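Multiple structures are listed underneath, in structure tokens.
Shared between the two complexes below is subunit A, which pairs with subunit B and subunit C, respectively.
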Partner chain A sequence: MHAISLAKPRGLDVVAQRARLTGSSLVAPALLLVIAINILPALYGFYLSLHKVFFFGNEGFVGLGNYVELFRDPFAWQAIGRSLLFTFAALAVAVPLALLAAIGIRRLGRWGSVLLTVLLVPWAMSPIVVALLWKWILVPSPGGLVGAAFNAFGLPPQDLLTDPLLAMPTLIIVAVWRNFAFATIILIGGLGQIPRDLYKAAAVDGLGAWESFSKITLPLLAPSLLIVISMLTISYFNEVQLIIGLTGGGPIRQTNTLAYLLYHTGFVELDQGRGNAIAAVMFLINMGLIAIYIRILGKQSGAAA
Partner chain B sequence: MKILSRASLLIACLLAGIIALGPILWAASTSLKPTNRIFAVPPEILPQNPTLEHYAKLLAEGVHWAFLNSSAYAVVAVLVALILGATAGYALMRYPVAGKPAVLLVFMGTMAVPGFAVLLPTQMLATSIGLHDTWSILPILYAGHILPFAVWVSRSHFATVPRELEQAAEMDGYSRAEAVWKIVIPGAKPALLAAATFGFLHCWNDYVTGSTMVDSPELRTLQVALIFFQGFHGRDWGSLMAGVIIATIPPVVVFLLFRKFLIGGFADGSVKG
Partner chain C sequence: MKSMIFDRRSVLRASAAGLALAALPKQAAAQGLSGTVRVWTFLGADGQSPREVVLREIIKRFKATHPGVDVRIEAQPFQELEVKFVAASAQNRAPDVIWMRDTFLDLVQQRGALADLDALLSDDFKTKVLPDLYPVFVEKSVFNKKRTSLPIWPSPAQAIFYRKDALSELGLDAPPLTWDAFIAAAGKLTKSERLGFGLPTNDNSVSAFINILSGFGPSIFDAATGQFNVTSAEAKEAANVVRQLVANGALSPTLLNAMGDDIQDQFASGRFAMVQAFAPRFQQYKQIAAGYSGKDLAVSAWPAFGTRPPAVLLGPYWTVGISAKAANPAAATAFVESLFSEEASMAWAKTAGLVPDRRSLLQAPFFSTPEASDIRAFTALLAAPGVMTFPQRMPNITKVFPVMNTALQELIGTKESVGAVLERAKSTLGW
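Presenting the complex of A and B:
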């Protein structure tokens, strides 16, 4: 600080210095709160991940011990696999659905905005409440909604949430039901920016509906699609409330994603050293995903310019 | 051909609407049925003898206190985040700020990374400074979660209000703070309302923060109270669905009231910044 002010003794005039002081002090409260609530705990969590911490008691420094143990645990690897499966399967369902909805809504005109509002109602709900709601929808009894559907086809009601094969797909459907429409909003915005003349020109050139979709819509929608994909990836990868409410990681760990493993290890087993190691791994994967998407997005906009 | 595609579009939309709202309406219907009709086969779509007994049971269990807690936490957090966020956003746009690139990076980085990963150390820090299980911990944490977004939205939207308008107000004898209040804030109102709506939904819809940061029953959020209720009365679907409906009304009403700003902001990409 001193060196800087000595180097430019007369360069900074009083007015500029005062403006800088005002600006910094206006930013300070928000900055301090964000550092205290988001950054400090992250650093403290990393510190704890290097210690053996159990039931709020720090039993000493163990270096990378928690990480080594974590990566030796086959269940941790299974959880990473489950996270990736959940994330990318949900994406594979949600993105085409959101795109379809966006195209349909734009065609509908005035009624389209009504439909969009309707589709967004589940998104406004709490994930844990959505889980409670779907537990009732899925209740394995002929008096339940899904049970009655099984009944109508002459099948006995299945408990989809305790079936090792069907629990994950069921969870994915509920996750997509809750939030795919949010992606639709952004895609509608993206579609609106594609010049209509391009489609007219394509029609003149004799391009069919599918060709104009794949040659005009998809490439020009790429930036919006990437925003949607990255937002949904991060939201699905970190989803924990639906899993707590619907399956609790079961049956036989089939829905035990990394986010749920963190919740269970840290808050149920109270193995807080290891829980923080899982959090650090999740943080790195989050950062990696964001970096990949920024890279792709950067290339996209570079190519467009 | 044209008529056919129009008709199929309408049918698809109707179907989409039923899939989106059907489960919620089914929960509403269940919440109004007497307990002995809830498992009727085939299911009664509409309650034949509607009753409010499940809502009465929840009230007797004190659900209104949890409802008030959730509302108070969310409202305080949104107000704090908007005030601090707008102040910081304005300064970041109009003033020189020490270490500006680093400050922007802090706000952007914390916006991208979900809060769930730092919940565990947050719980330990809150415990060690005596804030765990107090009235203040949830509003503080929620405000911290939604603040980066509020800063970002304010900063990018204040930029659309011409500086000349502010200066004109100052020439008319207003102080700079008054000029901001009278000119800049109203100019960015849609974006600020979008940020407020988004923030409210984040707070109201949270479960993990609420369930790990407070233990006392009288401090619980509605979501946490519902899960506790489920623990005690696991099969009482009538009351559980009444709880689902009570917990769903506030965020849906807020969303419906402010959907214009929310949808508009995200569709033109401006809320993203």
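Presenting the complex of A and C:
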């Protein structure tokens, strides 16, 4: 007779403890990287924002002096306004465009994938390369593509990047061109999760295309749309490379957003104390926007449940 | 006792041996140098612009005479050179050789990032080469008796480039050299899609406004403070020049934040009759000319106010220094010296069309040829009575150019009063 020995069953707490340990050890390297690359420099940046730092020389503690100066500067407030204008105008163009592209690409089937790949090219390119490319396209002389197009219609060259009225809209168009395809991918994923049966039922009920879109597509796509809006908001609010490459904050500060002001103050004027103060303010505004979106997303999830 | 007979052959042999012996220590020193010289410049190691081609030739020649030394070009964006250098110096990873703009010299030397060249340069260089360079540039690099850098490519920096074919339409050979006449001519040069005058208004190290103001002569800069009076009567007159150029169509009110490169590209395509341009790029402008013939390109000083001589503001220009923390100072010094050899100066002149750093070379036959006519024009500008440099120490130097460029944009693109625009610029500078 053989004695059968049964292994002692592991306690659930032991399993959970091991799972936690495994999870922590997997997360730890990434966490350490985030601390080293993001959190410590951010804390050091905040420390520097409390000092007068010029051209890498720390000239002493000034408390909140850099912040006080910043908020007393009317151009800083103007820059915040320009950032918000740029961000929300770009969103207003990019999101509907991405939605239209997502719907179109899904209907195109295999050719849609080809189209999406083409649309993704600008997103994969470095922003500064995109800026240089568009600078050539927009150059207001016979060598520029847009200049040639105007010329073909007998129109004079247009200073799209240097005219105070046209610079911001032009910048917005380029920014949207660069990354709306990224938003399209997310929305394609969202559209794929909407059951097709709903559309069939709507057709049986006699709903038109617009009613199907407004009563089925939009409500069920809301979580994906909110993700898209959140990510694009942060992306546009922090956009600086396109501005450096295309307009340099001009003309007459028309495209001088907060992100550009940060670059200009810290890296051109070399006032690194004040530059870090701007970075801290930008961080707070970003956090504020994220908090708003999380709140909206939370409500949305609650409503969906 | 045998008498010694000195025939012609033995004398020649002895002389040859003597010369060889004299050359030995130098050769031995050259061969004794080894390691790598890291160079930070805005010129690319593989670039095709005339200056890049010459730099490659110089490096090739240097390596041939110093086989143990490798020269590594680490190209940097030109507007970041000084900043990156000071940061790298603080972290003990600075290159051995650094290209810098003269306007940043004071800031960089204050950080202790530059070696004293007088302690490094060979006696031969100090006695023969230094006195042969343009004193106006050389002296600006000396701070408290410490030689921080050597100026390279002497030039009037920001000059006016113009198309002879366009000016000939008005029966002119060159732009008028007083502002009143210049404004009138520039207005008439605007025709169809061509503009009479183009100004870079958004560069961080160039200010067209200061160039216009330089028409009042060197007294615009306060010798004690290094500042210029932003709201003075002279500054207001300079601002009025801008307003008049806009009013008569010479300047476009919608071309507001063009950078130097934009102006260069648009000038090449024929959009302007005259532009403010960086003098060392003259050959490049000629090469890329598409909307007109490169042969029609010429250079002029800036007009002056009243009866003053034409203005030539020498700067910002490039200088070359050696890091105080250079890993290989001896080889770095030898390389820097090679940039100013007679061969190098001739190469900069012949290939890149630059005024030779060595003034004595101007006597060489090449500089009398038609090929060197542009260089003669630049050399004449350097010797002009209205010549001046930026002060050695100008407060807020990192803000001056952007602030004055924004003021210039406002002068061109708005109807706001000249006084209000200049007051705002002054207040932003904190002067």
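Convention: the second predicted complex is superposed on the first by the 275 of 305 C-alpha atoms of A that agree within 3 Å, B and C clash if a C-alpha of one lies under 4 Å from a C-alpha of the other, contacts with A are read in each partner's own complex, and residues count from 1 in each chain.
Following the convention adopted for this analysis, a contact is a pair of C-beta atoms (placed from the backbone, for glycine too) under 8 Å apart; a residue touches a chain by one contact, two chains touch by 3 or more.
Every value quoted in this text rests on a predicted model; they were computed, and no experiment measured them.
The partner that reaches more residues of subunit A, of the two candidates subunit B and subunit C, is B. Applying the stated contact rule after C-alpha superposition, one finds that A:G154 touches neither subunit B nor subunit C. Shared-chain residue A:V139: touches subunit B and subunit C both. Looking at the shared chain after the overlay, A:E269 reaches subunit C, while subunit B stays out of its contact range.
Shared-chain residue A:G63: touches no atom of subunit B or subunit C.
Contacts of A:G206 after superposition on the shared chain: neither subunit B nor subunit C is touched. Contacts of A:F55 after superposition on the shared chain: subunit C is touched, whereas subunit B is not.
By the document's definition of touching, of the two partners only subunit C reaches A:P164; subunit B does not. Common to the subunit B-facing and subunit C-facing surfaces of subunit A are residues 56, 139, 141-143, 267. Partner subunit B is touched in their complex by these residues of subunit A: 16, 19-20, 22-24, 26-27, 29-31, 33-42, 44-45, 48, 53, 56, 101, 104, 107-108, 111, 113, 115-122, 124-129, 132-134, 136-137, 139, 141-145, 148, 151, 177, 181-182, 185-186, 188-189, 192, 227, 234-235, 238, 240-241, 244-245, 259, 262-263, 266-267, 272, 275-276, 279, 282-283, 286-287, 290.
Across the interface of their complex, subunit A is touched by residues 79-80, 83, 86-87, 90, 107, 110-111, 193, 201-202, 204, 252, 254-259, 262, 265-266, 268-271, 290-291, 398-399, 402, 406, 409-410, 413-414 of subunit C. Interface of subunit A with subunit C (complex): residues 55-57, 135, 139-143, 156-159, 161-164, 166-167, 247-253, 264, 267-271. Looking at the complex, you find that subunit B touches subunit A at residues 9, 12-13, 16-17, 19-21, 23-24, 26-27, 30, 38-43, 84-85, 87-88, 90-92, 94-98, 103, 106-107, 110, 112-125, 127, 140-141, 143-145, 147-148, 151, 201, 204-208, 212, 223, 226-227, 230, 237, 240-241, 243-244, 247-248, 251-252, 254-256, 259, 263, 266-269, 272.
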